[in-house]
Structures are given as structure tokens and as C-alpha cells.
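First chain A sits with chain B, and in the next complex the same chain sits with chain C.
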Partner chain A sequence: MKAWKLPLRNLARKPGRTAALIALTAFLALSMFAGSVVALSLRRGMSSLENRLGADVIVVPVSAKSKVNLDEILLQGATGYFYMDAELLPQLAKESGVAQLSPQLFLASLRASCCSVAVQVIGIDQDTDFTVQPWISRSYAQRLGEMDVAVGSKISADVGENIILYETRCHVVARLETTGTAMDTCVYCSMETLRALLEAARGLNHDLKISGDPEEVVSAVYLKVQEGMDPQKVADSINLQRKFKKVQAVRTKSMFTGIADSLSGVSRTIGLLVVAVWALAVVLLLIAFLLSANERKREFAVLRLLGTSRRMLAGLMWRETALCSLMGGVLGVALAALILFPFAGLIEHSLGLPYLMPAAPTMALLAAASLAAAVLVGSLASAWATHRLSRVDPGTILREGN
Partner chain B sequence: MNLRAEGVSKSYFRKTGEANFFVAVQRTDLTLEGGQVTVLMGRSGSGKTTLLHMLAGLLQPSEGKVFLENTDLYALEDQALSRLRNEKISVIPQSRSAIETLSVRENILLPATLYGHISGETERQAQAWMDRLGILPLADSRPRELSGGELRRMAIARALVSRPAVILADEPTGDLDDENTILVLDVLRESARAGAAVLLVTHENDALKYADVACRMDQGILRIC
Partner chain C sequence: MSRKQQNYLSIVVGLLGLFIAIGVKTFLHPCVHADGSEAMCAGAGQLIFYLGIALALLGSGLTWTKGVLRVIFAIVLLILSVLLILAPGTLAPVCGMAEMTCRLVTQPAARVTGIVAAILSLIVGIGAIRNR
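Moving on to the complex of A and B:
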């Protein structure tokens, strides 16, 4: 036998002790990895939502509130539509404080024979758009042509396939990157394509409740305010004017507050949970080491008697625990991965919040950090217990309990 | 080689009568000569084990020094002292001293294992000592399967494998029958004849026959007889 095999032998011959140590450190690594991945996914989901919405103020018809809320469409994945007069656009552009604006036109497809999927269809004005275009351009560098659509990542249609909306064939030219938000369930097309779809829907006798000329409507106007302007002031000023009485301006920030509130609630809960689990596990770990160190007091004294130096003893003990906590850490991270990856959809659904998992390198980093933390905590606990014992003269311990 | 204690004493903090500390071993000089068996007898609690541990570098004396030839044991760093003990000083402790997770053979080879001194020769030595001490059939057993006397002989074999310069035996015949007692005493005397300095702490009066030097410990005071 070689000296380095001693720790292995101890682990193998004390399976109960070994299993308990592995389970404890697995617990540590699992809670840390799962907690940080979920927390990070939520934060990424939120910032992705902010980026994708990208506007400071959104103007929608007053009636939108009573029918389908804009935030339900944009944040919760509801489908719906509402329309207002496009004549408002030049007037809004003249408002003080408005730097940029772009209209969008909505249509909801149906789960019926006319359509292959029930989705929210959003027409964007490709000349002025500043919110969706940057996102689309990452998967599709050209302009969306006639009857071209770009689909969110949760829509089951591949590039090159066609989807049928109101008996109209649309060509999927791009699949968009996942945002972790309700936008992943939307279909995007040009303004012209959407107007053609509106016509088709009306041709199929769907009452879209459009008052006026369908060629002259929009659903929402996205505004970016000038640098230094308060979006709330711009929104308030629009809401106060008689000429805008049929529309309402909403600050996007205020749409987020609900989400931001529950996000910080969930984050705090996760944080507390992880801290509680850690505190518990660290205390258990220290108790376990104290107990096993007491039980092994004699063993240590005998090793010292046979010529093991304090440093060698600490090394032997460290290898034993490091090995245990490494196994525990790997087990914990693997278990966490088994929960996090297959059930990502379920987690997202039950949290009801934008949820965007980090990319593989970040995941690997988090896994490595959790593993390192488990090994570190295990090592510190063992070093502490060994140090406590090796301060006593082996002679004193050997005499005890003769 | 000889092992020398110069003016060593050991006191413990303990309430005894009016004093606040208790002197387990009074200032003592003792030299264990290579090639000789020194027998140390004395009543229970007289300080024999305490002195032996101080000689072994396992217990820091309250005063005085211990020398192996010219090396002051307690002036050494822990690492140097540990290595020196591993290579030169074997202790047969009074109490159980087996590592439970190792087999009897592995326990006996453990001192050599620690510093990577294992060779075919050490393995043959271990085999020979187990055979001589009658525990060869138990070589692959675990310590908890052994009787007190068998464990004692295991500790003796473990002490002898490295051919140490000093052997400190604390009641090595404590739980042995007469036949094995004689065997162990014989073995220790042979080791002395081969050059080792042997200290034999015992209650066995027969042991005096094996003594080159005999001493008595009485309430912490050592007397050479």
C-alpha cells in the first residue's frame, strides 16, 4: 500500500461517514448552483425584456385597457389586438421631448382551420423601428419582404417552412434568439404584410372592430424620449391633451414594476433559501467533523506516534475530505443540472417571470464555482477539526481511556 | 545510539491538596544505552508512562531535555521530530493503538508506508515478525477481530519492523499469557543484543531477569536499582 491510498482506504472502510459527508457537500453544491442559475436567469430575463421593449413610452388606444392590455400581450403572452388612427403619428412626433417613434400593428391568429398556429402577429415599420429590428437582424440581416415572417423561438416552425395565417401562406425566414419573455411566442412581419393579413382576416368575416380605414390604423406607437427628458413627463403631457383623448401613453417602466416587484420577491426568497441551506449545511458539516474528529482522536494520536507530522496528518485529512466534497460537489451540480435543464420550462412557467438561462460558458463557470465552494467549505471544516486535535500532545491523548 | 533524559520533569495543572499542580515525574536523569535492556517498574500512577512519552518525543517535558545522541528532540521542528521518531524510535503504547480501517499487515507496515520506505525487504521483515509472534494467520484480518493479546503482538511487530535504534515498550506483556510473555521478552532482548536501546516498562517481576539496568519509579521519583 502507498501512503496516498490511506485516505481512500479510510473513505472506503467507513461508508456511513463517507456517504454523510458526500450528501452534505452535495446539498451545498446543489443549492448554490441551482440558486444562482435561477437567480441569474431571472435577472437576464428581465434585462432582455427591457432591451426588447426598448421604448420609454408606449401609446395605445384608450380602449386597449378594456379589451386586451398591452402588457398582457407583451409580458404574459396573451394574444389580442386593438387599433387607433394612424393620423396621430405625425402629431405625436411633434410632441416636445419625443426623439424617435415607430408604430406597430397587431393581429392575433386563431386556433382554427384558417391558421396553422394561434399566435400574436406583430407588424413593424421597418423604416422607423428601433426595438424589434436589432433583435431580428441578429438572425436575419435583410429586410422582411412581402409575406416573410420571423418567428419567436417558442414557435414550432423552421426557417424555409410556411405557416398559414388567415388562409394566407407566410414564409418563415428567420427564427429569433430566445429572450425568455412572451416575445418568444410572437411572429413578426412587415407593416405591409400585416395589413395584407388584416384584409385576409376581414375577408374571412372576422370582425376586427376597426373604425375607419383599415389601411390607416396602427395598434401601438413606441416612443423614445430625448436624452435628459423624463419619460413620465412626456407621457403625462400626451395624456393631458384633448387631441390625444382616444389614446393613452404608458411608461414602459411602469409596465415593469409588477414584474420587477415579483422578481425582487422571488430573488429574495431564493437568496434566503440558499443562505439558510448553507448555514444549515455548514453547521452540520462542522458538527460532523467535530464528532468524527473526536471519534478519531486516538487514530490521529497513533499516526503521530508512528511518526506522522502535523502537516502530513493535515494533508491526509484534507485529501480525505477534499475527495469527499469533490464527489459531493459533482453529485450536487449534476443533480441541479438534472433539475434545471429538463424542467427549465416548468420552472419558467411556475415563476411566471421572464426567464433566460445563461449561456454554456457562464453555466460552466457557475458549476465550477459551486464545486469549488463545496470543496472549500469541506476543506476548511476538516482543517479546523484537525488543527484543534493536533494542538494536543499525542502522549496526552494516548494516555486517555487506557 | 543512546537516548538521554537530562533533568526532565512533568507537572500537570490539577488540584491536589493545597498545591495547584501535580508533579507526575520529578526531575529525572536517565540514559538508555544502545545494546541494553532497561527495565522500569513501579506502582500504578507512579509516572512510568509519562516518562516514556517524554522520552519518545510525544510529550513536551515541563523542564529538561531529551537527547538522541546529540540531537535535542524538543528543539526540533515538528516535521523533523516526526521523521526522527518514524525512523529511530519505536513506541509500543500501553493502550490499543491499531488503525481500525487497515488490516493487521497494513498496520504493521504503516510506519514504513508513511515515508514511502516500503520494499520487498520490509515486507519480508513484517512477515517474519508476524510469524515469530504467532499472528501470521491474522495478517489480513481487521483489528476489531483481534483479541487484546493479539493486538498487543501486532503493536510489537509494528515497532520492530523498522529495526529502530530505540524501542520504548509500555507494558508490552500486559495482556499476554506466560508463553507469549517469555516470547516477547526474548524478542526485546534480541533487539537489544542487535544494538537497540530498549526501555521495558512492566509489572512483571520475571522481566528483571532480562534487565541490564533496572529502575523503579515511586511517586514520580526514579531510582536506579
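Moving on to the complex of A and C:
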């Protein structure tokens, strides 16, 4: 304890210098913690999206391009709907290379008196679904019943509550785990429930542009290809056939290409910024410690003449630096947390990319690493300054002053 | 902590209050419906505004106080800061959807301002009690 008393007094005696050193290390820790959390959240968001989609190929009507793109619904949270004939399902199942397929039906609710929320409603075929069902089963182990819905984590409805969609009461039976994607803003239900909602929407004169019977339409068909088959070849084969001229097969990976490009661009920029901030801060810390050591040359010379060894002097300097760096590191991490956690939604919204923050233990690890890095860099910078100073003869320093 | 340092901190608390009060009426405003009518979170916005004004007045007012009155002012500042943290979502409702402006901007800004103001008020309060 005694060993820390003198460094603490030294720091308190020069509040301006101490504050500057704390601010510098705080900046270091803040940039490292914030940068790594954002980059990791983007990576987790992307992998969560890949896991959630689960399909290799998605078949949508050609008209989907001119209305709302599927990727806009799944990746950017846009609401929309498009329909195609359900008769295509058996034909698609017969296609070579298709191992599994499941249809989905879309409906967009309105920001109007008929609906309590304006969201994308997705109907899944519970007998064949392999994309949404595993996700739902983590929160709700049973089948979705008539007028039962499972809501994404960003929908403001709790389990047991009702939401009104096209003047139809739907019972919320599950709140799904956060994925960090636009899927968190969707409502999921069975095909039967969605068809009932389609009828309700039509009953309210909402033009859904369904040419035939609502019972005979689907919005998208999700395909899983057989082991060893190239999904691109399966998609190309569907796109080339005349009988599928009203639909288009999209490889899910191609949907990710744009988003993956943006993601790597953002991650690279964040990485470069963190490196630049660190380089700048390390240079500034070195200069700061060097100036501070030079300023205290006489003080150190007196200490040396009083019998303080070089080792003890270095220890004193290190303790001062460690204290400053620790305080700065804690401040920097706290400031970053104060921005990152409350404003996570805004960050996600501004980036327009899947964003899933790491779990608490990972966060704690990142915070500890940022703190350790700030203390280490501070210590190394002061060690260099101390080493330079300890080489000078104390007598010469004291004579210089006279 | 000297009286002068306490004054600086309480002025910062006052400025934070002013920031959130002006912000909630301008760039941190709660949601507004397309037809211009007030959304569910309008009440939260009003509450944040009044708490911000109260923080601004008491934060600057504390600089003219001493003794027990100073301690009381610091405690009131702390309570107001905690109320500011609780205002959007707990004391007054905000919109349900996580994508709404009040959830993305107004609520986190009020909470962060409240947390910082509470920490500073606590420091001022401890300083005032010690110096009394």
C-alpha cells in the first residue's frame, strides 16, 4: 500500500498532467472497445442472418422485383407482399437436386386503425418449414395454432397479449430470440392463420393484387439442395425452364453478397480507424511521458541522490502510469458502454446492416482486453521515458539547474 | 472536493439538463404521426423536457448555495437525474416498436444524460456533505 502512496500524491499534485494522461488512455480504450464491439456485432449479425435463412435457394415471383424485393423484406425490414401460384410447388419438388422445400406466404399490415402494428406478417407451412421453425421452437415448442402468432424481438407485444391485424385478433404465443436482422420486426404464423388474414384484408377492400383464389397462392418457396449439389446450378436450372417463366430462383448467398461487401467495408474502415487512433495515441503518450519525465528530471535526480535505485525509480514511474492508464481505461470503456448499449438500436438503424451485439461474457472479455491494452501501452511508453532518464547522471542534472 | 469544483460539476449538470430539454424539442424529439398528431411517447417527451429544465435551474442554482441547502440541492439534483433515467419507458410510455424514433433516440439520450447527471450529482453531494 505504501508503494502506491507516493505515486498517488504525485498524480494529485499535478492535476492537469494527470487529467491529460487519463484522457489519452481513455481515448485509447474507448476506440478499441467501441471498434471491436461494433465489428463483432456486425459479424454476428451476418452469421445470424445466414443461419436464420437456412435455405440454399429461394423462389419468388418475377413481379417481386418490380414490387418489393425479397432481400429488402428479409434484410432491410421493408414490408411488402407478392404472390405466385401454389401449383408450382409439386413441380419444384420434382426438380433434380432439390432435397427439401417449404413455401411461405407474406402479408404487410398497415399503419392504420385496422392494425395495431405495421409489420411484415409471414405465414409458414409448419409441416415442411426448415427455416423459421427451428428458431420458433427455441421459444415455443408447440405448433402455432389458429390465430396464434410468434413475434420478433422488436415487436411491442408480449406473450399472452393480442395484436390486431386487419381487424382480426391474433394471440401472441411466443417472442422470438433476437437475430439482429430485419426478421426481428416480423410476425410469424401458420399458413392457415395467414390465409384468414388475407381474407380479412380483402374484406376491408385492401387490394392485395391476388388474381386467383387466396387458398392457392404462396409468396416464396425456400429450397434446400441435396448434399453435394451446387445451389447455383439448381437455381439456374429453374430459371431456364419455360414452366417456371413467372418465377425466379435466387441463390441466398447472392442475396448476402451486397450485404457482405458493405459489412467488410464497414469492418475495414472501423479497423483502420482503430489502428490510426492507436498509432496516434501511442505517439502522443510517448511524447507526454517524455515531456513529463524531462520536466521532473531534477525531482528524479534528488530521489536518486537520496538513495533511490534505478529500479525503484522505474517502479515509481510505472505505478504512476499504471494508475493513470487504469483510470483512463475504465473511463474509456465506461464511455464506450454509455454510447454502445443505449444507442445499439440507432447504430443498427444507421448502419442498415444486421447487427447482433455479443453476449455479456464476450463483452466483459472485450472490456478487460481494452483495459489491459491501455495499461500495457501506457506502461511501455513510460518505461521508454524512464529508461532514457535513468541513463543520465543525477549530479549532472542538478548542476545543469545552477 | 473544493466548493469551486462542486460548482463546476453542478454547472455541467445544469448544462446537461438544458441539452436534453432543448434536444427533446428539436433533434431528440419523440415520434410524431404522419398526420402531425402526437404519438404514444409524447407524454414521455414532455416529462423529459420539464425534468431537463428543472435540472438546468437547480444545477445553476446550486452554485449560490452553501451548507445544508447545498446538500439538499445536490440530493434533489440526484433524484431528478434518476427520474430522467426512468422517465421514458418506466414513468411515461414510449412507442412499442423498437424501430420508432423515441426508442432509437429520445429514450437512450435521456437515459445517458440521466446517468451522467446522476453520477455528477452524487459527486457534488458527497463533496457538499464532507465540506459542510
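Please note the rule applied: the second predicted complex is superposed on the first by the 392 of 402 C-alpha atoms of A that agree within 3 Å, B and C clash if a C-alpha of one lies under 4 Å from a C-alpha of the other, contacts with A are read in each partner's own complex, and residues count from 1 in each chain.
FYI, contacts are C-beta pairs under 8 Å (C-beta built on N, C-alpha and C of every residue); 3 or more make two chains touch, one makes a residue touch a chain.
Please read all numbers here as calculations on a predicted model, not as lab measurements.
K.L.:
Does chain B (first) or chain C (second) touch A:Val277, or do both, or does neither?
P.N.:
neither
K.L.:
Scan A:Ala314 for contacts with chain B and chain C and give back first, second, both or neither.
P.N.:
Touch partners of A:Ala314: none, neither chain B nor chain C.
K.L.:
So, does A:Leu376 touch the first partner chain B, the second partner chain C, both, or neither?
P.N.:
neither
K.L.:
Given the touch rule stated above, what does A:Leu204 touch, chain B (first), chain C (second), both, or neither?
P.N.:
The answer is neither, since A:Leu204 touches no partner chain.
K.L.:
Once the two complexes are aligned on chain A, which partner has more residues of chain A within touching range, chain B or chain C?
P.N.:
Ranking chain B and chain C by residues of chain A touched puts B first.
K.L.:
Using the touch definition from the top, say if A:Ala322 reaches chain B (first), chain C (second), both or neither.
P.N.:
A:Ala322 contacts neither chain B nor chain C.
K.L.:
Just chain B (first), just chain C (second), both, or neither: which does A:Met229 touch?
P.N.:
In the superposition, A:Met229 touches no partner, neither chain B nor chain C.
K.L.:
Given the touch rule stated above, what does A:Gly345 touch, chain B (first), chain C (second), both, or neither?
P.N.:
Touch status of A:Gly345: second partner only.
K.L.:
Going by the contact rule set out above, which residues of chain A touch chain B in the complex?
P.N.:
1-3, 6, 9-10, 13-14, 298-299, 302-312, 393-396, 398-399, 401-402
K.L.:
Which residues, counting only chain B, touch chain A once they are in their complex?
P.N.:
My answer: residues 49-50, 53-54, 56, 58-60, 78-79, 81-87, 91, 93-102, 106, 109-111, 113-116, 118, 158.
K.L.:
For a test of understanding, state which residues of chain A touch chain C in their complex under the given definition.
P.N.:
On the chain A side, the touching residues are 77, 111, 117, 153-157, 184-185, 338-339, 342-343, 345-346, 349.
K.L.:
Which of the residues in chain C come into contact with chain A in the complex?
P.N.:
On the chain C side, the touching residues are 34, 95-99, 103-105, 107-109, 111-112, 115-116.
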